[in-house]
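Reviewing the structure listed below.
The letters A, B, C and D name the chains in turn, as written, and every chain counts its residues from 1.
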Amino acid sequence: MSNTFGEIFKITTWGESHGPAIGVVIDGCPSNIPISERMIQKDLDRRKPGQSKITTSRNEDDKVKILSGVFEGKATGTPISLIIENKDNRSKDYGELATKYRPSHADYVYDAKYGIRDYRGGGRASARETATRVAAGSIAKIILKNHKVEVLAYTSQIHKLKANVPSKVSPTLIEKNIVRCPDQTMAKKMISLIEKTKKQGDSLGGVVECIIKGLPIGIGSPVFDKLEAKLAHAMLSIPAVKGFEVGVGFNSVEMKGSEHNDAILKKGRTVITKTNNAGGIVGGISNGMDIILRIAFKPTATIFKKQKTIDNKGKATTLKMSGRHDPCVVPRAIPIVEAMVDLVLADELLKQKTVK
Amino acid sequence: MSNTFGEIFKITTWGESHGPAIGVVIDGCPSNIPISERMIQKDLDRRKPGQSKITTSRNEDDKVKILSGVFEGKATGTPISLIIENKDNRSKDYGELATKYRPSHADYVYDAKYGIRDYRGGGRASARETATRVAAGSIAKIILKNHKVEVLAYTSQIHKLKANVPSKVSPTLIEKNIVRCPDQTMAKKMISLIEKTKKQGDSLGGVVECIIKGLPIGIGSPVFDKLEAKLAHAMLSIPAVKGFEVGVGFNSVEMKGSEHNDAILKKGRTVITKTNNAGGIVGGISNGMDIILRIAFKPTATIFKKQKTIDNKGKATTLKMSGRHDPCVVPRAIPIVEAMVDLVLADELLKQKTVK
Amino acid sequence: MSNTFGEIFKITTWGESHGPAIGVVIDGCPSNIPISERMIQKDLDRRKPGQSKITTSRNEDDKVKILSGVFEGKATGTPISLIIENKDNRSKDYGELATKYRPSHADYVYDAKYGIRDYRGGGRASARETATRVAAGSIAKIILKNHKVEVLAYTSQIHKLKANVPSKVSPTLIEKNIVRCPDQTMAKKMISLIEKTKKQGDSLGGVVECIIKGLPIGIGSPVFDKLEAKLAHAMLSIPAVKGFEVGVGFNSVEMKGSEHNDAILKKGRTVITKTNNAGGIVGGISNGMDIILRIAFKPTATIFKKQKTIDNKGKATTLKMSGRHDPCVVPRAIPIVEAMVDLVLADELLKQKTVK
Amino acid sequence: MSNTFGEIFKITTWGESHGPAIGVVIDGCPSNIPISERMIQKDLDRRKPGQSKITTSRNEDDKVKILSGVFEGKATGTPISLIIENKDNRSKDYGELATKYRPSHADYVYDAKYGIRDYRGGGRASARETATRVAAGSIAKIILKNHKVEVLAYTSQIHKLKANVPSKVSPTLIEKNIVRCPDQTMAKKMISLIEKTKKQGDSLGGVVECIIKGLPIGIGSPVFDKLEAKLAHAMLSIPAVKGFEVGVGFNSVEMKGSEHNDAILKKGRTVITKTNNAGGIVGGISNGMDIILRIAFKPTATIFKKQKTIDNKGKATTLKMSGRHDPCVVPRAIPIVEAMVDLVLADELLKQKTVK
């Protein structure tokens, strides 16, 4: 298990879906940064279950408590311990899952790897774990704000519905609808599709886009920890992510060098590029342009149709799940994507100070 | 800079394109593994420049020497130091590049980050650095062989030319042509296109696919070092890579859960899945099925057309490069992709032993 | 701050003396190990305050709760989160300490380093932090038991009183008295001296000896993580430790090579050495003999006599502390030393499996 | 094996005593620092064999070559690769050692751990490895100079001969004699004793003292990487070291708190302590006072008297070594101690920048 992320701004998360609590310890947060439970809570509320008709109805307040590292409202430089209690863990919903492996879930690989498994709600493999990432990201974000860096993620595609993303995306535009898509017309269609699919007991995937604005030139650690490599690592560590692109990504394959290369210009005292096919990173280092990421989320593995599987004795069986689950993880994944990007950037911004 | 990769099987690479040599130190290689320069050389020869008419004509033997860690043909458990001398480094080719920044190269971000830059041949940012990854990967591969794990990468697309990949891909099929595409008909077209583009002074991108066969169930370290996250990290650390997919990847977005989920079956004593949309990984852990990756390479940034850029005083200028460069990095990237995958898997296979 | 210890069996601790709680997250514990709160509690009780007339009268139950990583009494391979609530934190005792720096404490260096400080009870710099090490060590100890490795620490000196340590030391002999010295006659004198010194408002130091029995040949990671180097690191990370020796330690200086060298012999099928001046480690690797450590603890910095110091404005002042403190940390340090040794050895025993 | 040291200023060493070369890769050196082979050579010359009548007569120039990371005399921020060829490796001297284990050497534990061993000159376990530490330390020292930090080590004791160390120690006083002891009268006696012991085929140990001057308040990373813990780790990683003290060290044990505590004063604008029993570190963080370390070196294991041992079949045998060896490692250990301290401090000084 590797439950630590980051090198300078380092987080360690813990907790199972249906244990008493989940939490995170943040080590390496610079001192004197203002930190409050309210501030973290705001971010957690964007991820929490039951927030809208298109998310799971599991009812968790996700109330965060700060147990250490903050004194009189400010970080002391010591480790910050955050805890979120699990409340609405109806373990009975999962009874059958003690013995039957859910298709496309981690149940049987955990059993194979560890020889034991907390089957209640998926245990550690549950996406509930990501709440602690959002809590930690909330603190990373303050470091970014001090450097005037902003991270914005939004839904750009649900199933086959592709948004027409406006050139100026803002938090307001994104939060205007429950699917977190800045194209309001498409957002409505997406919501209807999710609702319809939910009724059918099926699930959907989608694409999240993420823009990083204001990152100074020079952030990133070549050669093995190129900025895009660390971002890819962070994104693929999020449950259900199956693909990652930076800049024009896979589309760069069908371009020629003469089309893809970004001419370098000077605009006032700033170096910019005419186009931004690179997506803000060259040679593993930020070049001052917007960083643009695209992340593919597969459809939720938990569906309510009968599926073929085996039990823990290896016998063929079928499984028809009940319980409460997101028909599409994308709307709640937005703050998770942002949090992971925040964590990568906080780490690199702090590391940058050791260069000179 | 982060020039170390891996946690248990740990490599540290060093060297500039036009310095006296490049090299790698491997720490954590289990003892008693047979290691020879000949074995490593074989892999280096697949990556070396000047190997065919569609690669750069830079003439490097890339002869590897073992300086430590091997005694009487076997690993001793001490660090293995490998060195490759740089021979054909015609530094004069790069004269103009001391002051002019190449578009879509790392020149100016290195200057911005470090305040100094070895401009000869791109210095540390040159893809020449990847030779040391291939050398280290060659040793990682022995660990994989001992576990009967095989990694196969090949060209699946060049520009708009998509290969019709046969269901049984073999090293022979891949090495049958210089573009390393198992579809022999398409390979010919790809080669012609690359040659034609080279003559035009332009460049091309492509897609590399990679299949991992024989990996046992249980490899991978959730939650932050999920197997797909480490593979994505490794792939995006390769120069020119802009996208990564595992399993059906971005295509999963347009599937419903009921289509995407892989039913779990028992085949004899082995647990398999009916389909393999997941691409061999669930919850960050291998499930015993083939692991399937797709990696997008952008067109080579070095082209021989006149381009707009600035110099190191910030003045607008134009640049028309000469010299020797690959018109398409994909054919030589095949052994690099394999090496990085080998390194990730050797690390995880060794780490796995600490679990129980 | 570095609040993580270990590489494979990795612990991260958090918490301040007078915050709501302290805790530790253990990542990398092999699955299926039996773990219970009762087992951990037993070790915590040996460290807890108020256990005898020669320790502080602060009244803490130090009741540990397991929040994650254990399912039906067994480790699941996921991170184990342990929490201990702070109860008897009479913050008023520390009022004056908000502004005055205690001599030989970390107060003013924390202020200088972090620009902020939780002054209540020493905050993170309080030895209260070590309770979480003991809790984590309790789990490490199970791994050691599975390898038949035993770690025994005891008091060998208090101030000028040196114990006559019997050749066979046992847990029973050590726990027979509250100063944890296996020489029962000297133990009585030590206890009287501590009581007398306590009445005088002064404090005492001492030496802890630690014997590791049953460690197999081959444990340790040269060259930078030699076993003695990791043990020294662990010991010097304990508050109040000022010296460390392995084997004959500083006494080796006055021996000649011909006196100090340990002749190698075969006893049955085992390789042993005639003498054990090396203290069980050669070249950074265990040689199968008992490992012998000696650790120097300075007298407790908190005394109840008037002392010269400055306040946080830099003004000269005097300080006369009141409150509850150990007149000698050594008796309660015994389980802390053992825990840190347990943690080092668990890490190295697990790492050893990756060698071959 | 762990051949990497440091977290920000990170070195990886490699090489065997009688292989073709030894070397080190330094990753994380800030760019634009002036670096030359001449500068590094000066430090290597203080450690090199054959420098005086009291050191081994092995004849090595120890000429260092810079292979990467330096461009036009300055660090580029990329990894710095340094190499030292092995020249005078008379492997025949070691013939008998292929099968017989030297007492108090690492021969048989290496065989036990790795199942293979480069027996020529001790292979990786040879102190020859420390040349690469001195080379790396030479670069770390520049970072220290930029912070006006000075590290001075010297011989304070050889066998029973204790120096009367003057209150003002200077590099000149230390380098005035070949035993590197600032007490010139005692130095002569030490030299005679070493020569006499050499003739007897025996060996001697000693104590090295080390003073760090000018380190600012606030350096060190509690709780597990306290400055004294990292220094102890570094010192105990040096071959032949068996003990470590900071400040008054083991002598603190016999002091009372009222004697040991260092009163805090203000001297001009600086916070100082009246005494310096702590040795410049409180709570794991530097307090601005001189840091004082004492390191115990055991007598060299290689002696030229007949010794009892076993061979690699487990048979009892005797061994009488010939060849060239230091009768006392202490004089040549001085630059090694300094280098390791330099490395710890460079790392912590750079890390310090990430705090605020």
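By definition in this document, a contact is a pair of C-beta atoms (placed from the backbone, for glycine too) under 8 Å apart; a residue touches a chain by one contact, two chains touch by 3 or more.
Because the structure is predicted, anything quoted here is derived from the model rather than measured.
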item	value
Chain pair with more C-beta contacts, A-D versus A-C	A-C
Duplicate of the B-D contact set - from A-C, B-C or A-B, the pair where over half of the pairs recur	A-C
Chain C and chain D: spacing of chain centres that average the CA atoms, whole Å	27
Averaged-CA centre spacing for the pair chain C and chain A, given as whole angstrom	39
Geometric centre distance via CA averages, chain D-chain A, whole Å	46
Chain B, residues touching no fewer than two other chains	1-4, 13, 28, 31-32, 77, 110, 113-115, 124, 355-356
Residues of chain A that touch chain B when the two form their complex	1-5, 13, 101, 103-106, 108-110, 112-115, 124-125, 129, 157, 159-160, 197, 202-207, 217-218, 221-226, 228-237, 239, 241-250, 252-266, 271, 273-274, 277-279, 282-287, 296-303, 305, 307-310, 314-316, 352, 355-356
Parts of chain A lying in touch with chain C, wherever the complex brings them together	1-4, 10, 12-16, 19-23, 25, 27-28, 31-32, 65, 67-69, 71, 74-81, 83, 110, 113-118, 123-124
Of all residues in chain D, those that touch chain A in their complex	8, 28, 30-32, 77, 350-351, 353-356
